[in-house]
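Two complexes follow with subunit A in common, the first pairing it with subunit B and the second with subunit C.
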Partner chain A sequence: MKQAAELLQGDKLHGPRSEPLKLRWYRKRTFRNELSAYLFLSPYLLLFTLFIVIPVLAAVGLSFTYFNTVQAPKFIGLQNYVNLLTQDSEFMMYVLPNTIKFALVVGPGGYLLSFLLAWLLAQIPRRSRTLLTLAIYSPSLTASVAMAVVWLIVFSGDSTGYLNAFLIKWGFINEPIQWTQSPHYLMPIMITVTLWNSMGVGFLAMLAGILNINPEMYEAGYIDGIRSRLQEVWYITIPSMKPQMLFGAVMAVVGTFQAGDIGVQLSGANPTPQYAGQLISNHIADYGFIRYDMGYASAVSVVLLLIIYGFSKLAWRLFGEKDGER
Partner chain B sequence: MKIWKPGIALGLLLSLLLGAAPAYAKPYVSFTVNQQGSARLTQSAYIPVGVIDGYGIFGKSGAAAKAAGGPDFEVALDEPQDLFVDSGNRLYVADTGNGRIVELDERGSLLRLIGQGELKQPTGLYVDGAGNVYVADYGAGQVVIFDKNGRKTKTIGKPASKLFGADNAFKPQKIIADKRGNLYIVAEGLIQGLVELSPEGDFLGYFGGNRAGFDLERAVQRIFFTKKQLSQLSQKLPPSPTNLAVDRDGLIYTATVGLESKAVKKLNVAGEDLFQSSAYMDTNLSDITVDGMGNIFAADAVEGLIYVYDKDGSLLFVFGGNDSGDQRLGFFTSPSGVAVNGNGLLYVLDKERGNIQLFEPTPFALLVYKATSLYLDGKYAESLEPWRQVLRMDGMFDLAHVGIGLAYYKQGEYGKAFEELKIARNVTEYSNTYWELRRQWLMSHVSTIIAALAGLIALWLIVKRVHRKTGFGAPALRTLRRIGEIPLVRGLLHTFRMLRHPIDGYYELENGRASVLSATILLALLVAVRLYEVYGTNFIFSGIDPVRVNMIGEALKLLIPFFAWVVCNYLVSVINDGEGKFRDVYKGSVYALSPYILFTVPITVMSKGLTLLESVVYAYSRQLVILWCVFLMFVMVKEIHGYELKETFKNAAITVSGMIVMALIAFIFFGLSDQVWDFVRSVAEEVKYRV
Partner chain C sequence: MAMASFHGNKINPSRFGLGQLKYFALLVPIAAFMVLPIVFIFSQSLKPLDELFLYPPTFLVHKPTFENIDRLLSLSDLTAIPATKYLFNSLIITALVVSLSLIISAMTGYALSKKQFRLRKSLFEINTIALMFVPTAVTIPQYLVVERLGLTDNYLGHMLPLLALPVGVFLIKQFVDQIPGELIEAAQMDGAKDLTVFSRIVVPIIKPAMSTVAILAFQLAWNNTETSTLYMSKETLKTFAFYLTTLSTGIENNVAGQGLAAAAALLMFVPNLIIFIVMQSRVMDTMAHSGIK
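Right after this comes the complex of A and B.
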């Protein structure tokens, strides 16, 4: 309030002699105010620029070059992108379809799952809720450890692997299946494990969002004629936690497209057997760190960036606040 | 994506043939199974040229026997079970009933008899390159080996090895030897596979057994039954191979009666099946043989059909058939053995009739063999010409189109390959070709596309900005909005609102946002969209031949369940305190299908640009649309009738069962009315005839 009053005053005061003010713009009080804010932000801005903005820009720049990490980058224009679409048959035949399949199942699947679990958790008393939350959240805490301890043993390729042992014991199969080496099974296994793993930050945010809703809203809703739990969720819960839903959605999109490591971890090879579990991020690692074609890898990562950007935009449209429509 | 319904198809074809032709002149036809798995007539592949029936075949030794007046000159066969042709084109028959091996020359004259009096019940035989004759004597339970002079040199009884299994009986039925002289024997009841013996007769192991496969019932039993109960169940055992053959390269082929998918197997040294093809395999194959080019001939003992496969296991021809008692050439009662000699002459042994029929390949069959063998050897360019000649003789021969298409494909002429494979409707190869075509197109156009996209986005942004600043284009927008306010258009545009706000959408729907007229227009649109989907979807995904689609049938397939749903739902809800009027149920059901109306056309258009690799995109988007429709339908029931969640589930379940009952009643009604109509008509005809 005080600031606003000052501003008003300032306008009144400086209004008539605006001409010389333009020359001495930096003396304007508002800018000084902002300057302090920028100063306050500067450590973050500095680090953000250093570690995020510059690398991304560098990647975009490198994507127009041929760069083998030994010689200096050589500018080749859009060639990398054209190659990506026309020459790189692995990318078009396996990597892109795989990524789409993976993202279509894991993204919305994990998102719905985390919302559902968060909603269910919000229904139970506080003490047991805390424990259960921890239990459900633990997969994403323990990702790499659990990978080695749980999943690799479950999907072990010999007859002592849990799944194989179980299936053989009950007569579903005759001989052990090489789960993580088989092109048929790798993708479903990746999807299963990632879904199991998907209770990440988004899940906690959603839980917080649901718990944050004022209970009076529900009471008001019931007075206004809400008749069922479904309507309650639809009309009150989701609209009231849109920011958290948005956050969860964006995290799900980013997480899904970044989760390429899982296939490599499971199968122990990059590229994965017959490209069955190859996702875009594996492809980037393949070209960048195995073949040392940094320019091409940058081009692929720029494409990945664009895809993620596009999907985040979609999430914004679905869950972001809008003024007009509502 | 291939659906094999060969049994039905064959049955249909045969019944058509039987129905079409008078009983006394069953036509002698050859047919093949096309890429969709249905049978199709083709040019004759083999012509019957003669029969060896055992009477009046004398030859040199037969003539001598006759001259001596002995009773043995007659070589009538009694229940012969196996047939073999050696490299010198001499014919060996296991004359089971008479306990001997008969050796004939190419034309069927008797050369000599082997093992007369020494063999009990020979059911299988094999002759190696040196002229040694291996006989599986089922009756004596042993394998007998004769040298090339017909002297018995060795008998091999039950293997002594413990690995063979002490309780297993040794009843050899069929036998072959590979290049190393190892014997492979089909023995009765040995589910483990073929018995493999060394040349000395030592047991080496079981080879190439079949698998029992997974059985759901058995798995459930295993979970719930006690050990005692389980031990009382009869065990489920894999079928043992029925017959076997060996080719020039030493690969062993087995045929198994009762296997659905892998009735014919091509086994490598490790006993693994080399066939990847999902070609049609008959389930009653009694004998198989391989010719010099690797083509596989198999006889079906039940249907009396001869199947010819190429060396990759694709079905080329089927011919023959059961003899319906007219004793004609080319038909069989129970073929028990097939063999091909070096000139391509095919011999089929008939167990019940005790004769051997001779078949000569037609030029058409020879052309097909030539083309397939060239193609399978990788000589694609050279295979083009024979394939073209095949097409000149039978323009509908699918394999020729596939062959030509693949030859073009391997040469990099994707455009031509695409056209050929389109005719053949071979989904996988068509998809691969299309992928290459698309890549070529992309290669030449990708920079233009990127530039155009960037330009469009820039243009859109500029127009938007100009519009905001200067109000450019505002009148046009205003007109659009005014059109949108017209009630009917508003009703139609309501479909878009249903997508984002289903619950509100139904509330507005009930309160006059949509009229019956707009719903009916949408329903018509729905039918149109469905028809477009049927005709327009890339055949990789639909698997439907648009030429064969019946438009009215497709429309009815959509409309009848739809109206059944509307009527049932209304009737059920009236009983269950539903608030919805019939009109509302009708409107609501149409609007519940709005995702389908809106998204099917884009998905169908998209399908034309996709290949099998991206099928997941197509499949998921379709499933999503359908799930969305189901969800909207559900919300419809809930909102229109003012139900709680539980009541909604109940109502939906009762409605669906109501639909089933309705379908049943309709079925009975139409069935009965057909009978009544038949009755009335026959009475009328009777009257006409009498009066």
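Right after this comes the complex of A and C.
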């Protein structure tokens, strides 16, 4: 009787595979499996929790407090967010517009540029492709600190600076320009430099994606009446590499918001001269590590994370596979 | 059949054809433009002092010399700590970060792809969302965590925060996905334990993906300045990348320092370049499977 009940239960749980002995073995095996899975995962889960999950949660928690790192955090509710929206004139006047401008040019710009370059590279034979890919990717291999050295020398403010000397020699200007200290030029320089090394992992993924499209897809397309390169790209290339396009897009969004350091590195100051190159990430560092208002800085961090998440969702909507297509 | 002319040029062509000239005409100038700063780093770091002072400044070096690199490596008057100490720190930290994060990412990617457990799907989704967590956005709480764990002024403070690499786990998981489950089951039938399956079967197959993660981890650790700035107060514990930032402050008005800073930038760049050249075919192999589905 008891056995029958067990049998019945086993049936309910796992379908009709139900001698008790086999069931017990099966359960033991799945338990073992789970255990070994977690053993494999444990180092990552531990570090991931410590250095990613907890910081993100802590950022959210701290954003509701006043915290100057000396005294314990004091709960102040939504005050930081209210201040961000109503009191922080630098944020509203410079930081947010700068970030939007920077992100709109560098994000889609860098993304289109990396797709275009990847597509062009796919049209030429392997050997020359490898060489040109390396050349185009090389700025991305360079640490941003090393890049800053180059740009600081090129954009040096006196007449011995490379750009100034060049422009003076060709008669475009008479007086040297203080490139990196000038609120007028800082942002364009930041955008140029960031575009320069925006060929990151996403670019490599897109290149690989294009190269791996089955040639038969193109043949089929020609039979279906595709009549130009543009149609080919639009109807075959892009749809065939949607997963790589999405990965590239997410990486582009992250890269764009990560690139904030460059303004501070170039101008050598945080805040940048007249807030000309101030981006959200600089604003966070300014409040967190210069003014020691960690609560407020955390609130700005949360806003930044939400913005990034929003843009990534947008990318998902554009390139994510629909559930039915899988 | 009337084929339009553009069909003649195929994607991923096996050899050169005249029709490809237009692509070269676009690509070569762009590539040259992209590579200019790198050429500049090389040239500037090899310039003797008198060439650095030339007016108007020259782009290319005329009489290359290793003076700057020599001076950099023997220099100690700037901070009383020789550059080699920073270099040594960077080498140790980078080597450990690369090897540990590789092991961790591979184990995690394997488990997420081939192990059956309840949280499998949600963990992978969380990891994919974590791809978007920009480190700068969590610098502050991360700093607090590091401080609480007592990792300030400790080599571990350089390393531990870099070891959880969501992109690495993501790339490896996507790559492991193509290993047929039957292969692993067959090995298990023959009595192979989990660790054997992982090290004898999975790891050899996913080597391309591991090389790619190695490059990413290398760049992350080698180029890293944040942990030095935020977590280390002792100068002797800081990294070479950080040291480079100290050299680059004020170089706009310090021509002699430019050669030195360029030499340091060169030392930062060359390892990145060499590793990428050696592993580039494996990287492309991995990237073919890198899509988010």
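Everything below uses one rule, namely that the second predicted complex is superposed on the first by the 274 of 326 C-alpha atoms of A that agree within 3 Å, B and C clash if a C-alpha of one lies under 4 Å from a C-alpha of the other, contacts with A are read in each partner's own complex, and residues count from 1 in each chain.
Heads up, the rule we're going with is that a residue touches a chain if its C-beta (ideal position, glycine included) is under 8 Å from a C-beta of that chain, and two chains touch if they have at least 3 such contacts.
The structure presented is a predicted model; accordingly, all values stated were derived computationally and were not measured.
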Query = Counting only touches as set out at the top, which of subunit B and subunit C does A:314 meet: first, second, both, neither?
reply = neither
Request  = Using the touch definition from the top, say if A:229 reaches subunit B (first), subunit C (second), both or neither.
outcome  = both
Query = With both structures placed on chain A, which of the two partners, subunit B or subunit C, ends up touching more residues of subunit A?
reply = C
Ask   = First (subunit B), second (subunit C), both or neither: which does A:161 touch?
value = second
Message = Contact-wise, after the overlay, does A:172 reach subunit B, subunit C, both or neither (first, second, both, neither)?
response = first
Request  = Considering only the touch criterion stated at the top, classify A:122 as touching first (subunit B), second (subunit C), both, or neither.
outcome  = second
Ask   = Touching A:135, do we find subunit B (first), subunit C (second), both, or neither?
value = second
Query = First (subunit B), second (subunit C), both or neither: which does A:269 touch?
reply = neither
Ask   = Which of the two partners, first being subunit B and second being subunit C, lies in contact with A:100: first, second, both, or neither?
value = first
Remark   = subunit A positions within both the subunit B interface and the subunit C interface are 227-229
Ask   = Can you name the residues of subunit A that touch subunit B in the complex?
value = 78, 81-82, 85-87, 89, 92-94, 97, 100-101, 104, 170-174, 227-231, 234-235
Query = Across the complex, what residues on subunit C touch subunit A?
reply = 3-4, 6-7, 9-16, 20, 23-24, 26-28, 30-32, 34-35, 37-38, 40-41, 44, 55-57, 59, 103-105, 107-108, 110-112, 115-118, 120, 123, 127, 129-145, 149, 160-161, 163-164, 166-167, 169, 194, 198, 216, 219, 222-223, 225, 230, 241, 244-245, 247-253, 255, 258, 261-262, 264-265, 268-269, 272-273, 276-277, 280, 283-288, 290-293
Task = Please give the residue numbers of subunit B that touch subunit A in the complex, ascending.
result = 211, 214-215, 218-219, 222-223, 435, 439, 442-443, 446-447, 450, 503, 613-614, 616-617, 620, 638, 644-645
Key: subunit C contact footprint on subunit A (complex, rising order)   = 30, 33-34, 36-38, 40-41, 43-45, 47-48, 50-52, 54-59, 62, 117, 120-126, 128, 130, 132-139, 141-162, 165-166, 169, 180, 196, 199, 201, 204-205, 207-213, 215, 218, 222, 227-229, 232, 237, 241-247, 250-251, 253-254, 257-258, 260-261, 265, 268, 281, 284-285, 288-289, 294, 297-298, 301, 304-305, 308-309, 312, 320-321, 326
